[in-house]
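Note sheet for the following structure.
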Amino acid sequence: MINPFFKNNGPLNISDILQLINLDDLNIDNDQEINDIKDLLTSKKNDITFFHSKKYKNFAKNTKASFCLTTEILKDELPKSCLPLIVENVLVSTSKVTSKFYPSSINDNFDYTARDIAETKFKDKVKCGKNVLIGDNVTLGSNCLIGHNSIIEQNVSIGDNCSIGSNVIIRNTLIDNNVTVLDNCVIGKHGFGFFPVSKKNLRYPHIGIVIIGENSEIGCGCTIDRGSMSNTVIGKNSFLDNQIHIAHNVKIGDNSIIAGQVGIAGSSIIGNNVRIGGQAGISGHLTIGNNVEIAGGSGVIKNIKDNSKVMGYPAKNIRDFLKESK
Amino acid sequence: MINPFFKNNGPLNISDILQLINLDDLNIDNDQEINDIKDLLTSKKNDITFFHSKKYKNFAKNTKASFCLTTEILKDELPKSCLPLIVENVLVSTSKVTSKFYPSSINDNFDYTARDIAETKFKDKVKCGKNVLIGDNVTLGSNCLIGHNSIIEQNVSIGDNCSIGSNVIIRNTLIDNNVTVLDNCVIGKHGFGFFPVSKKNLRYPHIGIVIIGENSEIGCGCTIDRGSMSNTVIGKNSFLDNQIHIAHNVKIGDNSIIAGQVGIAGSSIIGNNVRIGGQAGISGHLTIGNNVEIAGGSGVIKNIKDNSKVMGYPAKNIRDFLKESK
Amino acid sequence: MINPFFKNNGPLNISDILQLINLDDLNIDNDQEINDIKDLLTSKKNDITFFHSKKYKNFAKNTKASFCLTTEILKDELPKSCLPLIVENVLVSTSKVTSKFYPSSINDNFDYTARDIAETKFKDKVKCGKNVLIGDNVTLGSNCLIGHNSIIEQNVSIGDNCSIGSNVIIRNTLIDNNVTVLDNCVIGKHGFGFFPVSKKNLRYPHIGIVIIGENSEIGCGCTIDRGSMSNTVIGKNSFLDNQIHIAHNVKIGDNSIIAGQVGIAGSSIIGNNVRIGGQAGISGHLTIGNNVEIAGGSGVIKNIKDNSKVMGYPAKNIRDFLKESK
């Protein structure tokens, strides 16, 4: 859980947290301070964590957190040093607590701090177009270009020799050296993550960021959402064509090539040297190995092993698909 | 047929209308005035209507219109109070007559009336970014945000507590309270509706609008076209992810969740509590029931009943699809 | 190979070219001047050309070029007047040589020459919105409209009576009369063409342009990439809906109708009077005949004959598809 940008509102009193999740009748020292909310692996003493699925049993056993949002069934996996807090819906409660620690991670309104680059310290540093706006907490490397009408909103760090096109909007993003972002991209907005609630859905916090590795290129009109509890990552020297959508928490490896209009749903992990044809779609929470080739138009709904070539919907071995569809 | 925005050019003399559709040799009182063109159901005395398919027979029988564009075969379904005008192509003639009543509904050029918000009455009412433009006939509720470079073109009404992102373009649209529209959306342009004509297609008028219900959210880079003879509607608390295309006349119910890159073709009606996975497509003129789940990547080409789960192309029962595709 | 816009850096000494492709030990008159790089068919004496596939054997036999980048296997097809230059990878070498002749065709950074239209000769000629920018080497016909925040970058020619929307970016493009381009389009950027190289892919030059025929319409949020060694062409009276992606070198005929979110991969050729349903995809290097209908959601992976109706993925005869998928 890396969040260099979102300011932690903690420490918070455990009593305030318990009230938030309707556990205020629990018999706990009300003055105890909680520093942060983190996942099972990275949390420390005086942090709160969450444990909602047996999958994470091994992490749960060794967590260093002092408190854990969990269920009656899972609670016995936790070490004695970690007090289970039994809630009806672990993810909803996690969402509420995270929002309390990171209130600005919920809000994706336009960046009111953004002002004309001519009024900032970057005015002589960057070669830029007309009407370029820069928000708070931005760093820009040397020899960068920023096109007309582009908005570098809050919490962005861009390396050296980067070329940002026109009409681009970026926030909560780390961009390494020699990266190209073409026109009309929107990078770093919150993902499509929320708990469906009748009348008014409950959005969960997105405290992750977007990270784009060196030498990569993002085509025109792409959207790359930032992560919720982890980051969205594009590896080094990976090239994305136009109109691609990368959802929150997705990780794409190095040297990958992704053609136009591809969509990758939330939390999927794509290996290195992967090639994805146009309009292919990859469902959420999948793992796609290294050196995989996915034919254009395919719909991938399960994990794909290293070095495979797949095609179809649902995607299968490409030779099988072509044979069957004759 | 609700069109609060487009100005009706009527009443028009029936003789002018007859000339337009090459029926000027008809023996009709040339001075009779026609107020409006409406559909069979909503038209009144001294209106003109149109009837092009047997499907609408029951509406035809009871129409209150004084004239009806129709065919030799259908004309006998009309009541005596309604004079049939027999034309070769009902929809082309309807298009021509509608254009005469609503000339501004054809034109989707950029809004020349839009000017800097600082020059309008909204300058102190709305928290807004740089370079925000507001066209004629716009109303904005209290506590709204409008991001950088966004253009609220003519004929837009936005409720309270709405958050409009940056680089957004909206026209001919009613937005209810607590709605979020993220960056780079285009809402309210005419749909992809025209009669193919060699050398120069004939665009038909789009006198409908877009209506977005309260608490809804529209993701980055979406396009939502306004209706032609009815409205395009997004219900309450419905959430759309990034890069979605909603065509003209589509109606989406309440509490629906639509993932990235979905496309819904013209005039389809989607129920409440519907969930649609990424990149799914829905053909035009379909009815999708309530509580339907459509898997990502599916192609829906026929109506779907309430409470169904479908997948595949063409979409079918999800269990059948998964069994067959093993 | 039409490139009215990119400036030819030639003539170049053959010695400089040989060095570029690691053939500097060849025994050739070092002072010989080479005027241009062109394809087998259009090149003339003192040009260099390239020949990388048996498919082009007949063109190779008759080429007028003085030099040809090719392979050991193919070289004997060339006439005596054309000296073969044997290289490991013909396309990579072609790319390097083309970059030398046309250095500006590699670079798609934002157009630094673009300035406020009020500072140009067009200020009284064009009806335009706020914040419109015009680059070098632009011509605009009479009676044109250009919307707010649009950028007509370098090397664009627009005919009479064209309507360009807002937030549009165009470069390296010829637009004929009576064309409509709706909001948020990006037209004329380089295509997704490069040679994959670990650490840093090698982009190949795009010296082609985009050509849009009269009476055509391009919907909101489309991307149309310019050609690499040929042009990207949209015919006359062809209508594209929203969010369509047209890759480099694609040619689309006249009177075609393409629905929302369609993607056409590089170098495919689409006939006249073609209709393509929403979200359909067409693979690269295919030929789609005249009067073809492709159903929405289809994935076309082979050539389609005139007058066919296809559906499915891979797309096949529509009746067969519907029968099989019952």
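Just so it is clear, A, B and C label the chains in written order, and each chain counts residues from 1 on its own.
Heads up, the rule we're going with is that a residue touches a chain if its C-beta (ideal position, glycine included) is under 8 Å from a C-beta of that chain, and two chains touch if they have at least 3 such contacts.
Note that the coordinates shown come from a computational prediction; the quantities given were computed from them, not determined experimentally.
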Topology of the chain contact graph, where touching chains are joined (line, ring, star, complete, other): complete
Numbering shared by both copies at the chain C-chain B contact, with half separating same from different: different
Fitting chain A to chain B on CA atoms, where both chains share a sequence, rotation angle to nearest 5 degrees: 120
Averaged-CA centre spacing for the pair chain C and chain B, given as whole angstrom: 35
Residue numbers of chain B (touch at least two other chains): 131, 149, 167, 184, 221, 243, 261, 279, 313
In the complex, chain B residues that touch chain A: 127, 129-131, 145-149, 163-167, 178, 180, 182-184, 215, 217, 219-221, 236-237, 239, 241-243, 255, 257, 259-261, 277-279, 296-297, 312-313, 322, 325
Touch list for chain B against partner chain C, complex: 108-112, 114-116, 131, 133, 149, 151, 167, 169, 184, 186, 189, 192, 194, 196, 198-201, 221, 223, 225, 243, 245, 247, 261, 263, 265, 279, 281, 283, 299, 301, 313-314
